[in-house]
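Note that the chains are named A, B, C and D in the order they appear, and that numbering of residues resets to 1 at the start of each chain.
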Amino acid sequence: MPRDITTAVLANTDLGAGNWLLEFGAPEMAAGMRPAQFFMIGIPGSATILRRPYSVCGLPGTFDDRPHGTVQVLYKVVGQGTRLLASLAPGARITVLGPLGNGFNEPDDAETTPVLVAGGIGSAPFPAWISKLKDRFPPPLMFYGAAGADDLVLADWFAERTELQTATDDGSAGTHGLVTEPLSRALDRERDRKLKLYACGPEPMLQAVGKIAGERGLTCELSLEAHMACGFGVCLGCVVPVRRDGDEVGYDRVCLEGPVMDARCLAW
Amino acid sequence: MSGVVEPDLSVTVGPLALENPVLTASGTFGYGLEFEPFLKLDELAGFVTKGLSPRPREGNPPPRIVETPAGMLNTIGLQNIGVDAFIRDKLPRLREYDTAVIANVFGETEAEYVEVCSKLDQAEGVAAIELNVSCPNTEQGGMIFGNDAAALHAVTAACRKASRLPLIVKLSPNVTDIRVTARAAVEGGAEVLSLVNTFVGMQVDVERRRPVLKKVCGGLSGPAIRPLAVWMTWQVHEAVDVPLIGMGGISTAADALEFILAGASAVQVGTANFVHPDGSIRVLRELREWLKEHDVATLRELIGAGHSKAPA
Amino acid sequence: MSGVVEPDLSVTVGPLALENPVLTASGTFGYGLEFEPFLKLDELAGFVTKGLSPRPREGNPPPRIVETPAGMLNTIGLQNIGVDAFIRDKLPRLREYDTAVIANVFGETEAEYVEVCSKLDQAEGVAAIELNVSCPNTEQGGMIFGNDAAALHAVTAACRKASRLPLIVKLSPNVTDIRVTARAAVEGGAEVLSLVNTFVGMQVDVERRRPVLKKVCGGLSGPAIRPLAVWMTWQVHEAVDVPLIGMGGISTAADALEFILAGASAVQVGTANFVHPDGSIRVLRELREWLKEHDVATLRELIGAGHSKAPA
Amino acid sequence: MPRDITTAVLANTDLGAGNWLLEFGAPEMAAGMRPAQFFMIGIPGSATILRRPYSVCGLPGTFDDRPHGTVQVLYKVVGQGTRLLASLAPGARITVLGPLGNGFNEPDDAETTPVLVAGGIGSAPFPAWISKLKDRFPPPLMFYGAAGADDLVLADWFAERTELQTATDDGSAGTHGLVTEPLSRALDRERDRKLKLYACGPEPMLQAVGKIAGERGLTCELSLEAHMACGFGVCLGCVVPVRRDGDEVGYDRVCLEGPVMDARCLAW
């Protein structure tokens, strides 16, 4: 059951290259929140009236140095709303609605290795997800692509907890090129293992990852983005075309039926 | 030192007796049930459903919405479950609540409007019909029903005959003189007018050099349009004798009171429901507080009171 | 890795050749000279004067303005020094600047429009005339010139005859279909259309239970109206063949580019001049930067480019 | 010559009862700024787009405990703009345009006693004015009215520097009633002194003060308020009706011909 709270920013940390980590206290909201679920965050009195959707990045326990009951949001400045968010100092009031959406689903059995694919700020939901999977599934393989080395935020954190491979558009870190290249190679190499894919990032990347998974018969959960007004299913603004039973194409709401969708269902 | 213990918020909107003047606007409140986690539906005077058509509609391809300064554009394309599914799946659950269910209706032809109204007439638990006339009339080459006085008169009269339910006509603001269409709707049989629907607008994605919305243009709602909507309410109040329901950018009691003082007997909260799921209830509670603080015993005495020439 | 050293910002707007597409809007830039402390008038492509009438006008009683969400309402009432004083006291000083002086003109009758245009025709240093047709026509019972295609055609044709100066007609947005009035103005002889003027709106002072503005309603400007103004520009671009000057809520380069991509050859900055006195120059400088960053050699290639069906 | 700067809030202090003191650094703007001149202050990224006018309350030297080169603005929360201003923490960015308007004019000769009349937050321009007049004219008489004792902000500061009389609507401090009552009595008592009046406060108070001064043939400068969009003379939004030569009524701009106007010129 989502709650709508007004709370104070506890920390808002510049991670460089326009990436920020926001922290606020929301113990009740955090209890039972699933990785890849999201919040709608608003800034009262600001030039934006609609809230913006942000995945939960850290739940209590994800980042062990953070105060108890706090949650973290990892975000990138791309427009007015994120710019205003980045301008907030500790103590500033924000409105938070959550938890929203469905969240990632665990692999069906304990032998399945989770394969995580992140593009840029699409890495946001993975810290909470990695913490949740920890010790119950084989250590994840992670493929993390970004524009340049600066954009590989939290790469050290991921490297400690996953088998991480990075890729950058400019070659400043990891493979030079798209993250889907090391991903395809690895999937071909790991044919004997049971794998399940989880991806979050820009739409073209998600389409490519879905295709790669489909070609190999692998289950693949994509965490989608969409313009949202409400975040809780009533404005019908955030839809994506999906294939219903019988291949008819309809629209599902990213905020309610998603943001996590099975790649096979999308009619992109 | 207020003498008012509990102000009387009840209003009479033509054939509708409402406990308070706060309704929610079509397309911003789903079929009501979606809001069960966030508020008590009984607390609201009523709500207006998403627009209902004869058959289900999938709506427009995305992107469908974008924020604009103090507003948002939408081109949902009237996605809805259709009137039959509404009557079958939603109404039974809604009847459990003590709240006025107002069915918003639209069609692409006059016959479609009539079809939906007739079906609602037979259903139990519908308090009133609100005609959404901001739809392109496919028989008339896409002309908007609500932007043409003659077409509006005709579709209103046809719907008037098709059901005994109280009939609200929701005016389009995209006209040169809203008093003309207001009069046409009243002459066609509207017992109440609601206003306004969204203003047509667009945003260009400068990086991609094309419209943000897939369908190019959409409807502007939110605080940005409030001054325009209040003015239209003010004008229509002077032009016709039926009660009005005002809307456009209401998110506080003061916003609601602007419409009421301009002549609205009730208001609808729209886009503000997206900002806070209980946005409508916030307006209602603030309104009650405001009346107490200002020692106003009945809200009804404020309806149209802004027009009085007496200096305040 | 931009190949563009200095992008070419020059545009041709019908008979007007401008160094860049940034003008300022009538009523927001006085007679230009007021801005001497804040910016170099030469840097602007040009500016539009406060609306000029045959004789000086004192304008409306206060309160005349109020802020609204992302906008403002004004009912200045066309206070101005009159065309004679403009020609006598302002033009000589303005001739010292290398900037296009566009005279905004209005009247209460067709004859008044003609009178002002004829006088400007004789004056030295006027680059063009812009007709403000959002004024009530006192001969026709207060009907707004610009909201009626026939009256608009007539006043345009009369002014066309009264002067040899390039003629811009500034469209009112308070109409059902702006393409109709756009065509009427072009047929009447407009060489350029500018759009839009303000939207009519009002605000109620809830505490005092009366309109905030003394004259009840006023014109809405600012970012709030931008989506509506861009859509009108987009539509008119598809409806007529004359060049357009777009405006409504422009305060950044991105805002200006929305209008340009929608089909405007130049833009006017209005309310943003009140927020920063050099608001227009900020738009211009940002625009130059944007073109450099995006490797666009000439701004002209962006005019109307949002309409292209090719996927970006 | 007004300047348009973006600067950081240095301090924003709650003085109680909705009254606040804002401080920012503006040494160049402050140099040559006259008391009762004003700033247009904006909050970028906020829900308000137009700036709001505020008188200069403290110039360098006015409040001797304040850092060099800083100026102070005394304001009361009455609506959205002032509410947003009160929410700003030190470090927040504001835009400041100033100095604007004309300012108070000194008495014609050194024997004239300045008589200051403040209503509520209309006390704002007087600290700077008192400091400027200090030692060059007889100590001012000051009449300060407000809703209640809490609203008599800076009363101690004024009491040390003027012959202060207060009045409150609720009788919680000073005379019970309007400030114009002790004012009229004092003016009648002081008939032998040369006096010049300076008033700032709500319109009904200014009208009353203007009338009181007029009846006694005293010069009276009123610092007016008006809704403003630009603050520098171009929007024509802020006009007040004035009597021109020949008693014709026209409109003057509060922001340019004012905010200080001779009471006799106003055609209220």
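The working rule: a contact is a pair of C-beta atoms (placed from the backbone, for glycine too) under 8 Å apart; a residue touches a chain by one contact, two chains touch by 3 or more.
Because the structure is predicted, anything quoted here is derived from the model rather than measured.
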Mind checking the centre-to-centre distance between chain A and chain C? Centres are C-alpha means, answer in whole Å. 46
Using Cα averages as centroids, what's the distance between chain A and chain D in whole Å? 54
Give, as an integer number of Å, the spacing between the C-alpha centres of chain C and chain B. 34
Junction residues of chain A, two or more chains touched: 47
At least two other chains touched by the same residue of chain C: list those residues. 69-71, 222-223
Chain touch graph shape: choose line, ring, star, complete or other and state it. ring
Which pairs of chains touch each other in this structure? A-B, A-D, B-C, C-D
Complex contact set, residues of chain D against chain C: 1-2, 4, 42, 47-51, 81, 95, 97, 226-241, 250-251
For the complex, give me every residue of chain B touching chain A. 27-30, 34-35, 37-38, 50, 58-59, 61-67, 69-72, 74, 76, 79, 222-223, 271, 273-278
Going by the contact rule at the top, pick out the chain A residues touching chain D in the complex. 45-47, 80, 83-84, 87, 89, 91-92
Chain C contact footprint on chain B (complex, rising order): 68-71, 73, 147, 174-177, 199-204, 206, 208-211, 216-217, 220, 222-228, 230-231, 234, 249, 254, 257-258, 261-262, 302, 305-306, 308, 312
